[in-house]
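Listed next: structures, encoded as structure tokens.
One chain, chain A, appears in both complexes that follow, with chain B as partner in the first and chain C in the second.
Showing the complex of A and B:
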């Protein structure tokens, strides 16, 4: 459980500015909307009620962390000050909160719904909302709105509505997606073009929004595990690892060392799997179709290893609260070692056909440059952050499982362009193999799963746990009120900041660079939409 | 060496002996048209099959292997499928231009195709400015692509067509200049003349350095002209879904598809004809015995072997390289390829003037 400091909405902006400027809290790790209900007579003093936000902040210099919360009791017109001008990532996160809780952020320039339809009635994550009541299955198409309303707070406390325009009538707007080969899923970019030049990009999300966070509130803890594999399907192991760790930490379950080893190895295998797919898809996006098959050929071998132990190939369902679902297959160690030997032997082919190719280099070098300030402000972690020189690897920042006992380098490039993002991934494949090699021969004997109670109740409190997933920091924020269901389970998406930063990376570049930038940022849509 | 004109002359004299000359020419034209269309279709099928197999082997795959032995009937099945598909018209498209575009593309492709001499005496169009005619006819195709992009009322199509226009117009210069280099050496613009010139050695040997440079630049420019990777920006599927032919279906799409493959073949065949001797067997000046042995292999075999060899080179390039970006593509042409071609033309001219070639 962590301490979360309560700040009154009126004092929020001053406190946030102080944290940002004086304590250098430049990374807004997570922003979670909350509904703490209406005040009742039995409330203990100091109980927070109403609609509110939980902020997790971190300083990239001192690595100090702080969590804050704020709330408003007004359920008709809940209004809170925005922090989107302090941290750019707050802009899209606050839209999410507005979509689910109806909290209006004063000073926010783009208060549109983000996942749900514009004609959606109600705010589904409020505890008193019944989403199915007024929202029948609609058979008509959703209109795209180009207008947003910004609420300005005057100096005298008056509130004024200001209209903002996303795209004007005279702009040449091209849709990339939702059905498009280069968006890697059902994601839609509205791109305003000037010839081949990109003027502005507006990402439209929510095509596969499944309301996983809402579903979690009516599932028992072991049941919630099943949904994490469906977030970022290329980080299924790591996502579930985060949720298991969060619950284990909250309940106080000690897991065996064997489990720690297995989980770490699985996480790294998953990372290699994801990066091989990354290589393939990027190559295909740039038109190098042969390279695509190289990556897929080798990724298949990892999936075979997964299949033997987990039964699944994509949604693996392997980690459980207290351990893993089943012990590793007798062939596992041998096959993993064979695979590493094999991949070390063939990885030069990847570089021969793609990395060293002059066209590939010209397409990626200097394209979509992101500065270190931008990636931190947008919270774009993972390979994207590390390519811009930000030491953001959770495995180093907040070591978990076996990561403090193994030797590995955090891959850092400072160029911040697409080529750096690409090379970070390619080097991380080698680093992941190093990690596995250090562990694979020393897996200790022991239980693979400790016994847990059939019904798991998490003690009251708020918990945050992050892991380094395949494409950045994946965080789980859990608020429990002591039941067998979570009161609120929020996932810090790895992909949401990446989809958000596309606009910054692509302005002034060519339309073809959008594909390069999208490919190198490496977002996975189910993780964005949740 | 078998001269095919014996056959054509015999047919002509037989026909004129039973009917007026006008009728004879008409019948001959019809026969030739049927022959071109048949050859065109067969070549397209062979090329598509070859492309699939070659790309399969490049990509650690087997390629088609279900329909018929080694999948050899796969393309026939696909053509049947394409013929039975509905041809639809988008609601707000410019109907006339939209329907005209695929025919312009395919007509341009047919016109260029008919310039190719397949064997000694077996060329359909052969006159003193044959090379010039080929260049002119091949540039009709870009008109079809532009109309397709404009007529389909689709933003992807329009961007694809604009790219295509810029690309083809630019690269035509390099392709033309490379061919001019060969014309300078041979001193003639007719295809038969160019081939006759290579009777004692292919042009790539006789013209040595400038001819090799011209051959390579022609391959690059030709590849770009027929919109194939790494120059397939007009239909870059990861950016523009299918570029200028996004809105086409059925056989209308099929025309674009066929034209793409045949244009590749035409580029390869022109390269083979001009630089590698066309149907002319491998002759080495002075070795009469060797030359006589080579003459036993029919010219048509030489022609197709050389053309398919160049086709293989083009496929090799396509399945290895990533795609260029439009600004890189244009700067490559205007800043590098065209100056190289011009300098090369000058070099060849000097060589011819001073008689430094073989």
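Showing the complex of A and C:
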């Protein structure tokens, strides 16, 4: 259980500025909206009520972590101060909180809905809201609004709404998506152009928002596991690993060593799978179709291994609370070893056909440069962060499973351009194979699953657990009130900061480079929208 | 004379498909008004061509889209069936494979895409989400089945369906295309006055 310090909204900004400037908490890991209900008479002193936020902060220098919370009791006009000027990632996360809980952030420059339609009624994640009652399926096309509202706090303490324009009338705005093959799913960009140069990008999300976080509140813990595979389906193993670990930590279940080995190997296989797909899609986006076939040819071999043990190809449903669903297949060890030997033999083909290609190099080198400060401020973890020189690998920062017992390098590039982001992934494939080779021969005998009750009750408290998923830090924030259902289960999406940072990466680049940047950032849209 | 027309798929025996009865009913219904010999023969030729070059729209919202990509790659290779020309523009596509969850926000966009496609057009609902809402059936923002907004020709269940299941569904669509009357049909049994009513 985590210690979360309560801060009054009035003191929030001063405390946040102090943490940022004095204690160098420069990474806002997660920002979670909460609805703690209305105060009742039976409340113990110190119980936090109302609509609020939980912040998880980390310092990239000292790796110290701190969690804070704040709340307001006003349900009609809930207002809290913004932190979006301190950490850039807060801007999009606060929009998410506004969308789900209706909390208005004073000082925020862009208070629009992010996932739901502009004409949506109510705030679906509030406990007293019935989203389906007032929101039938609307089949009219959604109006795109160029106007946004900025909430200002005057010197005399009054709140002023200032109208702001996202795109002016004189700007040339091109719409890309939601149905566009280069956006990797149903993501929509509105791009303002100056000739061929990108002036500004406004990402519009929510075309695959399935309300998983709300659904979780009425599912038992073992049932919530099923939905994690469908968030980022190229990190199905890791996502589920995170949620399992979070629940196991909360309940206090000890995991056998055999399970830890299996989970680590599966995570790394999944990472190779994801990076091969990354390579294929990036190459295809840039017009190299042969490379696409190479990547998929080898990816199928991993899927075969998964299929033999888990029974599925994509949504694997393998991790369970207390272990894994079934023991590894007798062929597993041999096939994994064969596969690694095979992949080491063919990986040079990947570099021959694509990495060394002069067109690919020209399109990637120096394109979409992100500085280290930007990736930290936006919270863009994973390959994107490591390509800009940020040591953000959760496997090193907060080791879990077997990662503190194996030797592996954290791949770091400092250029921050598309080519560095691409090379991080290619090198990580090799590192993942290293990790698997260290483990595969030593899987200890033992139980693969600890017996658990079908209905699990998690003790009261707040828990956070992160893993290094295929494309960054995937976090699970769980608040339990001691029931068989979670009170709130929030996922720190790996893709949300990546969709947010596209604007920074693309400014001043050509419109064609948007495809390169999007391809190398490697977002998966269902993971962004949840 | 009873017209019995059995849509053939090369190398797969007719009886290996499990739901032949619905197709047979469709044939019966279509041929109630009898068929012109020449137009019927022309229909067969045109439909043979059409069914073997169905161009799908590249449309994917989530997991099923990755399996759709696997179909395009070397191992499963949908070019064998004539599906390989995946179009990014709805104007050039013959069918839309709804791969993945359709949310309330996406529904008008999908309808618009469908409306932009040129006739004759077909819809395949792929995966549990598109068939019925799947695991997200209780969500506040998910359309429970794409058949609420589009006429669906073939359903492929699964989460996500295996590539083999994709093929089974796509071949069922081919069979459906093969029995259609491309040039339309006039009901010869009906008297002129009756049809004008």
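Definition applied: the second predicted complex is superposed on the first by the 530 of 530 C-alpha atoms of A that agree within 3 Å, B and C clash if a C-alpha of one lies under 4 Å from a C-alpha of the other, contacts with A are read in each partner's own complex, and residues count from 1 in each chain.
By definition in this document, contacts are C-beta pairs under 8 Å (C-beta built on N, C-alpha and C of every residue); 3 or more make two chains touch, one makes a residue touch a chain.
Note that the coordinates shown come from a computational prediction; the quantities given were computed from them, not determined experimentally.
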Partner chain(s) touched by A:297 [first = chain B, second = chain C, both, neither]: both
Partner chain(s) touched by A:208 [first = chain B, second = chain C, both, neither]: second
Chain B versus chain C as contact partner of A:512, first or second or both or neither: first
When both partners are placed on the shared chain, which of chain B and chain C touches more of chain A: C
Chain B versus chain C as contact partner of A:227, first or second or both or neither: second
Partner chain(s) touched by A:359 [first = chain B, second = chain C, both, neither]: first
Partner chain in contact with A:526 - chain B first, chain C second, else both or neither: second
Contacts of A:285 with chain B and chain C, given as first, second, both or neither: first
Partner chain(s) touched by A:180 [first = chain B, second = chain C, both, neither]: both
On chain A, positions contacted by chain B and by chain C: 180-181, 292-293, 297
Residues of chain B that touch chain A when the two form their complex: 55, 58-61, 155-156, 159, 163, 229-230, 232-233, 236-239, 241, 319-328
Parts of chain C lying in touch with chain A, wherever the complex brings them together: 58-63, 65-67, 69-70, 73-75, 88, 90, 100-101, 103-109, 111-113, 135-136, 138-143, 148-149, 159-160, 162
Contacting residues of chain A [partner chain B, same complex]: 172, 174-175, 180-182, 193, 196, 283-294, 297, 353-354, 357, 359-360, 362-363, 510-515
Chain C partner contacts - residues on chain A that touch it in the complex: 115-117, 124, 131-132, 135, 137-142, 178-181, 185-186, 206-212, 214-215, 218, 226-227, 230, 233-234, 277, 280-281, 292-293, 296-297, 299-300, 303, 313-315, 525-526
